[in-house]
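Look for subunit A in each of the two complexes below; its partner is subunit B in the first and subunit C in the second.
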Partner chain A sequence: MSDNTGRTIFLDGEEVPFDGGETIFQVAERHHKDIPTLCYDDRLEAFGGCRLCVVEVEGARTPVASCTTMAEAGMRIRTKSGSLEMHRRVLLEMVVSENREVDVDELSGYASQEMKTLVDRYSARTGRFAGDKSGVSRPDDPNPFILRDYENCISCYRCVRVCAEQEGDYAISIMNRGFETQITTEFGGLLKDSSCTFCGQCIQTCPTGALGDLKALRHVEVEEPIEKTRSVCTYCGVGCALDIMTKGEQVVGIQPAMDGPANEGALCVKGQFAFDFVHHPDRLKTPFIRDDHGQLVPATWDEALDKAAAGLLEAVNEHGRHSLYAIASGRAPNEAGFTMQKFVRAGLGTSYIDNCSRA
Partner chain B sequence: MSNPLRDMEKPDVIFCIGTNMTECHPVAATRLKKAIANGAKMIVADPREIGLVEFADMHLPLRVGSDAALLLGMAHVIAREGLIDEAFLADRTTEAEAFLAHVKEFTPEWASNICDVPPELIEQAALLYGRADRGAIYYTLGITEHICGVDNVQSLCNLALMTGNIGREGTGINPMRGQNNIQGAGDVGAIPNNYPGFQPVTDPANQAKFEEAWGRKIDIDKGITKVRALELAGDKIRAMLIDGENTLVTDPDREHCEHALKSLDFLVVCDLFMTETAELADVVFPASGFAETDGTQTNTERRVQRLRRATPPPGEAKPDWWIVSRLAQRMGFQGFDYSEAKDVFNELCSLSPTYAGLDWDRVEHGEYQWPVPEEGHPGTPRLHEDGFINGRGIFKLIRYRDPAETVDDEYPVWLTTGRRLESYHSRTQTGRSEGIDYLLSEEVLEVHPEDVAAWGVKDGSWVEMASRRGAVTIKVKATARSPRGTVFTSFSFNDVPVNVLTGGGYDPITDTAELKVCPVRIQPHSSAQNTEAAI
Partner chain C sequence: MPPTNDELIAEAMTEEAPLLPLLHRIHERDGYLSEEALRSVSKGLRIPIADLFGTITFYHHFAREPGGFEAPRVCTGPICCLKGARDLVAELDGATGMPCSGRCDEPIPVIRGSQTFVGLSANQLTVGDTPVPPAKAGDYEECVFANIRHSDRKTIRGYRQTGGYEGLEKAVTSMSPEQLTEMIDQSGLAGRGGAGFPTGRKWKAVADATGGPKTVVCNADEGEPGCFKDRALMDHDPHAVLEGMALACYATGSPRAFLYLRYEYPETEYLLANAISEAEAAGFLGDDVFGTGTKIKIHLRRGAGAYICGEETSLLNSLEGGHPFPRNRPPYPVTHGYEGTPTAVNNVETLASVPPIVLHGPDWYRGLGLGDHAGTKVISLSGDVARPGNYEVPLGLPLSTLIEEWAGGVPDGHTVQAVTMAGLSGGFLAGHDLDVTLDEPSIRAKGSFLGAGGIMVFDDTRDMIEISHMAMEFFAEESCGKCFPCRIGTQRLTERLVGNAGPDNLEQWLDEVSDLNKTMKETSACGLGQAAPLITESLLKYFPQAVQTHVIGD
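Right after this comes the complex of A and B.
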């Protein structure tokens, strides 16, 4: 359309349209250009810290960070070139050389493989720049949820930014500068003594596994592959979409659904960490019926269904169909509530049904 | 909610009342924080200095149970200052004239005498909300769990109607639903007054529709609420089927509740655990739960999303729909031959006008918010954009009423109850998840530090807290989060069964219990525990 005249840029020679307010990176991403990043999380303000997303803009003296440079009409951009690839590789080698390890388990967090993936993609040599390593880990923090292995920190500040921008919690911050940079809490204390709410967003955005999901990592040794099943949190009414991680039949952890319509990647401490009631030994595994001595004892489904049907029918037969009342759950799925109300309406012709919304 | 969750980032003035959102709906609260970071102003009305207050421009620390008075005072100021949306009033509402005349007598000074908020603050809050381009109201059980819960909600509707803050982006009247599928439980008709999709049972056309669908006569009368059913237990109500509710721990007036359940001839419970309620049952069925069950649930913004099975349930546990339908079949009921959750959901969609455009496959990605009246309809993220379902928004003339019980010489302290971030309800799930205890291992009673001193108790010591119905022993925590004369605790820990105390009254229309207000007496507890604490 004529309105769009001039509202295009040239990406690797191809003319493409863009919207006002878009960065070069955003336009390139829409057009499936695979520009590497480490400090980028599309939910956060672009930071421009890692410099891996550099691109060449015709007329510019040096490559620019595509995540912080706005697209402008007529720009001619190269997202890939020999010198860009060399630049990215050297940067990666510098970053990775001071990390203790690159192989981090996927259970660590949603973004935990980003560093490793790039190292593989660029065949970056992890020991090229020998020397001191920065970052002091906090094995003294006894919290059961968040690994604080800062020796693997690359100072991308995604954790600090997600805590501030996404959560509004401002629990963690940056101390010192340059090589001495350290992610820390106020006064350098434990997370529990900070304003941390243990929502787990920092571990999900960390690209190196410096921050990791301690509960999930307990299952590193289990041989089976990780499977992810998309579902919805079982606690409050916000309806956060999440991925349930399983190894075999074991639920090993939870990761937020970054495209969850209600939560857009966010979770709280309950949705993130309070999942293992699923396998708790207290779970009921068989029906129970009350025996002649008044004790609840295990029973087969047949016995239990027969006894329940007989008991409920006895009340109905003796005292009428309005003597039976059903209470549905605000925790169970729609199918549970629907079947419950149909039970009284189609079964007894009453509306003697309610749910827990009044208390 | 009238508006979608994403609208929470769009208001220029946010009015939160009776919602401890950072603890009860933390992910929703992050959206409000973003709005505030972008310049929105926030008013928080809550007796306590809850987490939201930290982000607020104004805190209105009202006395528990006085919401209607505060809201009348605000409406008075908005009317007096001419901040009403005349065009909206004329085009979209009715009874406006009577309402504007009604609020004339309710000055901020009058309201202040009841709600203990200084009149200047009431004025300022009214001006802030009244002048908003996009004013949005958020509330939770702090508004509804009162004998005047309906009055409170209607008072909020009055504010939104008089300022035209409904039916547009970043506005609305937005209840934050507390349980993952409490919205769905109502949607599917698990309520005594409506068939699925909020079709009143008292309408003969609806009766005919469902009699036809299910092949039997169905009462034209409404059923009774759970509160009434528990009152009638052992008398007219002789048997109950309870699915996934720990009634004994989460309902008010525990003694009454326990007596009610025990006086039934027969009780059947489906649950994940042998809860306190299940222990009273004649038959307990093991249900499958989160991560084990295929199904759908509907969130606070009316979004229908799929639940998926990631792992088999333990032992012989089964989905609730399976248990209930097999039980129905054993009782000789017709129409329960479902073989999977999909069958049940599709039947729901075929009978519910709000879900009519949905089916199992269409909710795959969770993009629909009801109503979805027909196939191809995009869903309705924002209600009331072009009009109200019933024609016009009706102003209701509300008057303030005292809570069922008020403080006196014998019970001089207000107790209010709620939830905490790290625990959920009766802790059947969070209490069985590793690590949660590290963050929250016991219940405490939050008491203002000056009250701690004045009442002769100590931070960390045990007190006996008694209401007109019972008493509990609880540990004191001194904190300025509680105002003077009001204490707070959650109802999550079974060793501090707070519902022994609560249950003074119910809203006459909805039968919702007044869980937010309970006068109590607090005295030091002379126990071994205190000796320990003293050492």
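Right after this comes the complex of A and C.
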């Protein structure tokens, strides 16, 4: 609920209103301040780890993290200053220094370019603060979906938080302390032995590509540009919005739509990873009809529909209308489900209709 | 037959803040935390197993291999390292180091299971009591140490004979909670754990906050290297701490309190548990305090080895069984503390100061300080002085009086090269800046702070680069890993002090270290990351020549 009772803050000198419960970061984002951040995902509880979003608040001794600080009436805030920009550059130089590399392929995941973009915006590839690297990768995890390349991890814990807060799986957690921190599963095991459901949300929120989409990354070498086409997942009736990534005619991967009204960036293992059927050689591209010898032979749609209609009529004529029973596929969207029940009730004259999601 | 997992879990489910005590019982029963036991705990307390596993690994002392509980842990804090702690680790079979374990006034401590030994070599380890504070040196009146040297003071009988529980009785029978809070506010008592927040104001905020039940937490997670005052107070005057907690409960309207004790004080746990039982049996604590119907239940909880758990919001997360990262503030614990209830978190010394204030009045306490400074402060003094130990000083006492006159000064023929402030968190003072008085305004004017009152003294034979390295390594090991500047910064500064990474050009080296200092100080999320760079900052300030030699050689 909006609680906007004429309260304002001063954002870089400009007086702007804010709603009760809004953080400085949220107000600033609404005003296109483009405050840098690496640990922020607007679907998750603000964490305050990366400290890139620090801003100066008049009267405060030190800069405050804008993502965790509530806007308060009369606050005078600077989102940019020489000192803030210096801190942000130093912080980015620090994360560059702990990782194996900055540049990762876009196919890694939805947010995978966030760190690289900021590093370049702040010219932070200086090689300063060289020293030990922080993460230990898990090439021994044989799962076919999630790359666990922690040598590129910056310990923002977006993966751990999305797993708990969005997916409710609690499959991964934070191990050890400080520079020794690692992202882990229970007892340091493999993902398949954990409560991971391979929904892939950790991949999509990772800002460095430390967690990567292994299925999409199979197509790194294909030279064509990535094109994204907005679509709806066809695996069930929820209607998760997603972007189908293609290179030329080849589907190379799926990314959830962060603005999908039904899913807000979430997908399940099927919507996220199970798209290989699209180009599979066994995939049916035309209807088949069994001939008199019981062999399946290719047919046109008209032939197939005529054959089906004839079969249905025969059953009704011989055994009555209630001899038929239809199950709509859970993969069908609402509209198709509606058409199906209409067809069964009005066309066939029976109410024996159900949906596999209910079965 | 030792209790089964299910029996222990069933018992824990009836308790407040059950995770840590349950884990300790299993740890002691099995000698480590097995996967099987942790899976049972996860199921019983409904904590996701990945979270529970991650949280166990956060603590230094939970062993995950059989026999780990009994394996010797040797203090490798800065002072013990100067006494040869690294050699002792090598000498003892299966030994590992542990961060400063709060016995800088004794030979090197070694913890085995639930017992502490002290000694300088493997074949002369002995068991001994915590040293009693040295005899009062100056002419100044003490507050928390006034009766601590009475041999019987740690028993409830001895405590009563020296005025014990009279303050609590007076408060609950003749004062309102508001009057008590007002009295503490007038006394000028401020947080003695380091932050210095006025105690009366904190209590009032908790009392005024909505929601409940309200909670008092005694922060006894004395993890700052060079600080060992709370241990002396708890070991020799446990009832004073409990009485202070009870008074805090009464003032804030809290029916429950937790004493969160650091892992490294195993004997103290038994002592406090006995003291709580004694006080409950006497009717001074429990369901009917002094027959007034007031309910005050004190729960004893023990940490598992994590410096950050001395930070109050990490402590609360640890108590609640969560991952002990500090919380974002605001909201502050006074409104959203333990399980979201209004909570007063007070240090041991702060709470121990309360009973004498109630007995003698706020003006008495205020008058104990020198000049405008109110009250006293216990200083844990260690390092190169003749008589290390805990000294209760009037605030405003010159540092030189404490070191030279009270503690016997540095060894003959040597001079003070540097001292640390606030344990390690205040960095170093050296040169002309040693001319300070022991109070926050004086020390803050030099860019440091008094904090919890640990002061390590280093004479002119010490290698300040090595001392700085040990200090920064401590912060790196204890950094929780939540915020970037601290997690990476403490590591990078440590590497530069060891000399195994970083530029070999002096200007670039200084440039990197100064930038790390600045960004850590200004953007770190909590006191650890903000304070750690004071070590390097003060090293650059006082010892530029040593830094130059370290970077580019002679």
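Assume the second predicted complex is superposed on the first by the 276 of 359 C-alpha atoms of A that agree within 3 Å, B and C clash if a C-alpha of one lies under 4 Å from a C-alpha of the other, contacts with A are read in each partner's own complex, and residues count from 1 in each chain.
The definition used in the following text is that contacts are C-beta pairs under 8 Å (C-beta built on N, C-alpha and C of every residue); 3 or more make two chains touch, one makes a residue touch a chain.
Everything numeric here is computed off the predicted structure, so don't read it as measured data.
Peer 1: Considering only touches as defined above, state whether A:Ala171 meets subunit B (first), subunit C (second), both or neither.
Peer 2: The answer is second: A:Ala171 touches subunit C but not subunit B.
Peer 1: Name the contact category of A:Cys240: first (subunit B only), second (subunit C only), both, or neither.
Peer 2: The answer is first: A:Cys240 touches subunit B but not subunit C.
Peer 1: With both complexes overlaid on chain A, does A:Lys133 touch subunit B (first), subunit C (second), both or neither?
Peer 2: Neither partner.
Peer 1: Examine A:Lys80 and indicate which partner it touches, taking first as subunit B and second as subunit C; both and neither are also allowed.
Peer 2: Neither: A:Lys80 stays clear of subunit B and subunit C.
Peer 1: Is A:Ala65 contacted by the first partner subunit B, the second partner subunit C, both or neither?
Peer 2: second
Peer 1: Could you figure out whether subunit B or subunit C reaches more residues of subunit A?
Peer 2: Touching more of subunit A: B.
Peer 1: Between subunit B and subunit C, which residues of subunit A are contacted by each of them?
Peer 2: none
Peer 1: Under the definition above, what is the set of subunit A residues touching subunit C in their complex?
Peer 2: Residues 38, 46-52, 54, 62-63, 65, 68, 70, 83, 86-87, 90-91, 94-95, 97-98, 128-132, 134, 154-155, 164, 170-181, 184-188, 194-195.
Peer 1: What residues on subunit C touch subunit A, complex-wise?
Peer 2: Listed in rising order, the residues are 35, 48-51, 53-55, 57-58, 306, 308, 323, 328, 330, 476-492, 495, 501-502, 512, 515-516, 518-519, 521-525, 530.
Peer 1: Can you tell me which positions in subunit A touch subunit B when the two form their complex?
Peer 2: By the definition above, subunit A touches subunit B via 142-145, 165-168, 192, 197-199, 215, 227, 229-241, 244, 246, 249-251, 260-263, 266-271, 273-280, 282-290, 296, 301, 304-309, 311-316, 318-319, 322-347, 349-359.
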